[in-house]
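First chain written, first letter: the chains are A, B, C and D, and each begins at residue 1.
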């Protein structure tokens, strides 16, 4: 599938997929599966890719492996869609080095979550002032994900942060329950003249996608073994077919819910991607979850029922 | 509806509903709505009731109000189904006083979660040894809910706790992802001779109910504005109609997912219970969430679609 | 010792002692020891007492016991010094009921810490707005103790809270390291016209008392088996004898450090109060720490060395 | 000062100093100050050095800087004392790569703390099984520091971990209050045949050093701007002069307490090391604390009083 280069900017729309990192059974990165995965994501209609997030097992890679993986993906994507790379780091020196390196390789931007341990509004504000200074002109995505960082950003503070971060082009919105926060940010664009940013959601791993589109989200940034669901939901919604967007979403919801279980979810995703022929092995680096026979039976049932339901709605 | 007294015991099955506490717009407890709610729960087919949980706004009641509410519910239930009362307390003196009081009123048992702050296995083991000593012969339910307590009980430790707690008759299983833990407990009954307890689940607020029934759960202990869903799913499953159980569950899942959002979920539940004519006001005591117009529109859409879907599956 | 009634107000100075709750070996509250303890505190020169804090084992008392204990202390104090009662509660209804009850008994004010779980500035601000509304005209102390509550209040937010809480007369300052925060609050009185409140410190259990007096603290609110140290340090400082204040403090510091160990500290305190003939038993209600022979040997050595050092400085 | 190579082994004794990382005012690593600091530590009588701990601002260095710093220190130490390097990492691949690299450079071992987020005994046990597998034959130090990691290891579990980790030669004991844990480990060597490991303490930054030596600790692993205190305390204790050990400790305690304040402590340490002519700048990389004029006045007073007190005790 050929597509025009999509823009990573404040008007970015659609689905940015959080890529997994494929491993061989030996534990080494599987670069052939990496290529196949990139092709699959592009064919599914992804509007962008995000690398080295938690679901990409980034913390389990050495620095050298991270570099090689980003390079491989960028080469395969070949500019067809924007690529964002996770650059959260315990210190600003490492954040700067990592960000500059991936941008030099061709990445379109980086994603930054607040450091664990930040608590007060003043601490969070100071942190992002330093992020802005550290990243300079590199475009970036603010990841608001309290469940993984432990950092809670109030709506009013988030509006301030966006206002004061000219190179923050996108919000990865995954503070749940987050519908009110999403509405408040969009409202602030009108009522307070807040600069617009693209908002892609990941709340519950996309489990509120259609409601979030109704509230003004531009799409989703998350992972799912059936990324075509998110693409189709976003497209139906963009084409004014809201009811169809809900129908599609509901058909996939039972499986999506199962895949979004914390911890074991990544094993579900890799298992399904393996079954679909995308990656050669469902290997997860330790420490990581594995699936029991009962889990696999659950998944088989959910996939079967999903297929039947999709056939019904056409 | 007349029903034979159900037993609260290690073979308890079905749905124990977590009751809300109805308030008037003034903030006072609404005892008339309380009666109506009890009737509704019983007519829905509830196999038991659980009072003074977090979703019952227990921490927002004074000690006197708690007592009056429990008394009112017990009088209305009139022995038709077992009633469990939350008795978690910061100290054992208070736990003992509260438990004895509700049992004297006629409650069938109490529910205890580990105190926040417990961390190591040894600490948790010592805590429950003191729970056993404190409760004496009062039957109790162990609530395993790390998301609210912050206390993580490993599977092996949970098996030990159950083995050493002869008056713990039921596990409220809401550690998510929890399917593997559920399977392991049931396995331990065969492989390690673990005494059987009733396991009612609340993982994600019931969002994994059918899979949990497959794994050996006896039912659910949670709340939902459409408790008939849980009752019907459990019944279908018990009657060997697993596929129908999944169909029913899937029809309600989009709304259940919405109602189970942390924080705002209680407002959704009370709103729906008000709309269904069960409680006179959707009032929540402060601090508590409230619904926006956009939230209400979401709920209306979800209810409409749920009704349509239920009509399809018959 | 007879003394004029001291005032609980924004200019309160000196030492407010956090009282322990004496138990008999049986575990019952020991009211005779309670009287003796009150006498001892007053003779030591305490300027006020604080009841039902964590070190008073408040969470381990039943509601009835708490009431009886407060009543007994108030009767024995008989108006000689102000008495503050801890009124932190999981909900506002309980906070209101408890506060009104102790004020009706004769307490001079209540102490409130933010509820665990509050994270953002907006949440904390809303919480204290409701505290103000709940307490009405009851004078109160704001307890800023992140180590026990998990709630971090930034300096700028704390200044806002004090400005907007006219009946908050005192800050119990135990955010450590807290010297900069203390200086900033005192500065805000001049630079921003912040209303003055009394600031009593408990940072590290008084382990920074002399430095805090230098920064403008009015005294200490904490416990120590040798309360005369805190009284003498505050008096020396007030009389312009700063160097003597430091000498006294340093003489007691090795033991104070030992008594302020989290967890085991209360056992050390009760052991010493028992040895000094103040309370009849060193009993702590479970769950609670106990002392080993090695601990007791440590304490004996520290007390001996403390006595020798005090003899040297005269 | 020339000294024979000391052994890093299960019988290691004395003081392993946690080195700071000296920066220039520009923020670059100051390698000349690094050399001077190493010389100072060796002349103070350090029995070992530990690099890249939290107080060494390890998370603020890039991977390249970390390597250069370790290399510089190792060259200057030139085998005179053992050097341990912090190797905690979010994943095992990075831990392995980092550990192998510093051992190849000449480090004597690495130090590993449990990953943040581990909760149950089973999780912690599994984690250290993988640490053992990852490190292979590399000698290592187990750092038990719940305040920084959030991971609480019970005494019984810690004994298991030591028993099952043949290449763990040393415990960095900084779980406070930790005296009972320390006694229990030493007891287990006799009562349960636990293999002996060296135990160096850092509880409260050394604020319980003499009591810990009494309980069987072999020394301290922590930092302090006056490392000669820890060296002299350990030596006096080893020579049977326990009372002198306490005298020395008490003389330094007021300043040590001030320097061990969380957060601001590193600024105090670097300020004092700068004043003592060891490092050229007191620069701390952001985000980091800085000292106010009032802080500096506190420090000056404490140093003056410490000097006077040391003169008294001779």
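Everything that follows uses one rule, which is that a contact is a pair of C-beta atoms (placed from the backbone, for glycine too) under 8 Å apart; a residue touches a chain by one contact, two chains touch by 3 or more.
In this text the structure is predicted, and so the values were computed from the model without any measurement.
Enquirer: Between A-D and A-B, which chain pair is linked by more C-beta pairs in contact?
Expert: A-B
Enquirer: Return the chain whose centre of C-alpha atoms lies at maximal distance from the corresponding centre of chain A.
Expert: Chain C.
Enquirer: Could you check if the interface between copies chain B and chain D is built from the same residues on both sides, meaning over half shared, or from different ones?
Expert: same
Enquirer: I'd like to verify one number: the distance from the centre of chain A to the centre of chain B, where each centre is the average of its C-alpha atoms, in whole angstrom.
Expert: Between these chains, centre-to-centre, one finds 34 Å.
Enquirer: Provide the C-alpha centroid distance between chain B and chain D, rounded to the nearest whole angstrom.
Expert: Computed from C-alpha means, the inter-chain centre distance equals 48 Å.
Enquirer: Averaging only over C-alpha atoms, locate the centres of chain A and chain D and give their separation in whole Å.
Expert: Using C-alpha averages as centres, the distance is 39 Å.
Enquirer: Can you list every residue of chain D that touches 2 or more other chains, as numbers and ranges?
Expert: none
Enquirer: So in the complex, the part of chain B that touches chain C is made up of which residues?
Expert: Touch residues, chain B against chain C: 57, 59-65, 90-94, 97, 116, 126-127, 130, 285-287.
Enquirer: Touching residues of chain D toward chain C in the complex: what are they?
Expert: On the chain D side, the touching residues are 176-177, 179-180, 183, 204, 207-208, 211, 214-215, 246, 249-250, 253-254, 257-258, 261-265, 292, 294-295, 297-298, 301, 305, 309.
Enquirer: For chain C, which residues count as touching chain A in their complex?
Expert: That would be residues 119-123, 152-157 of chain C.
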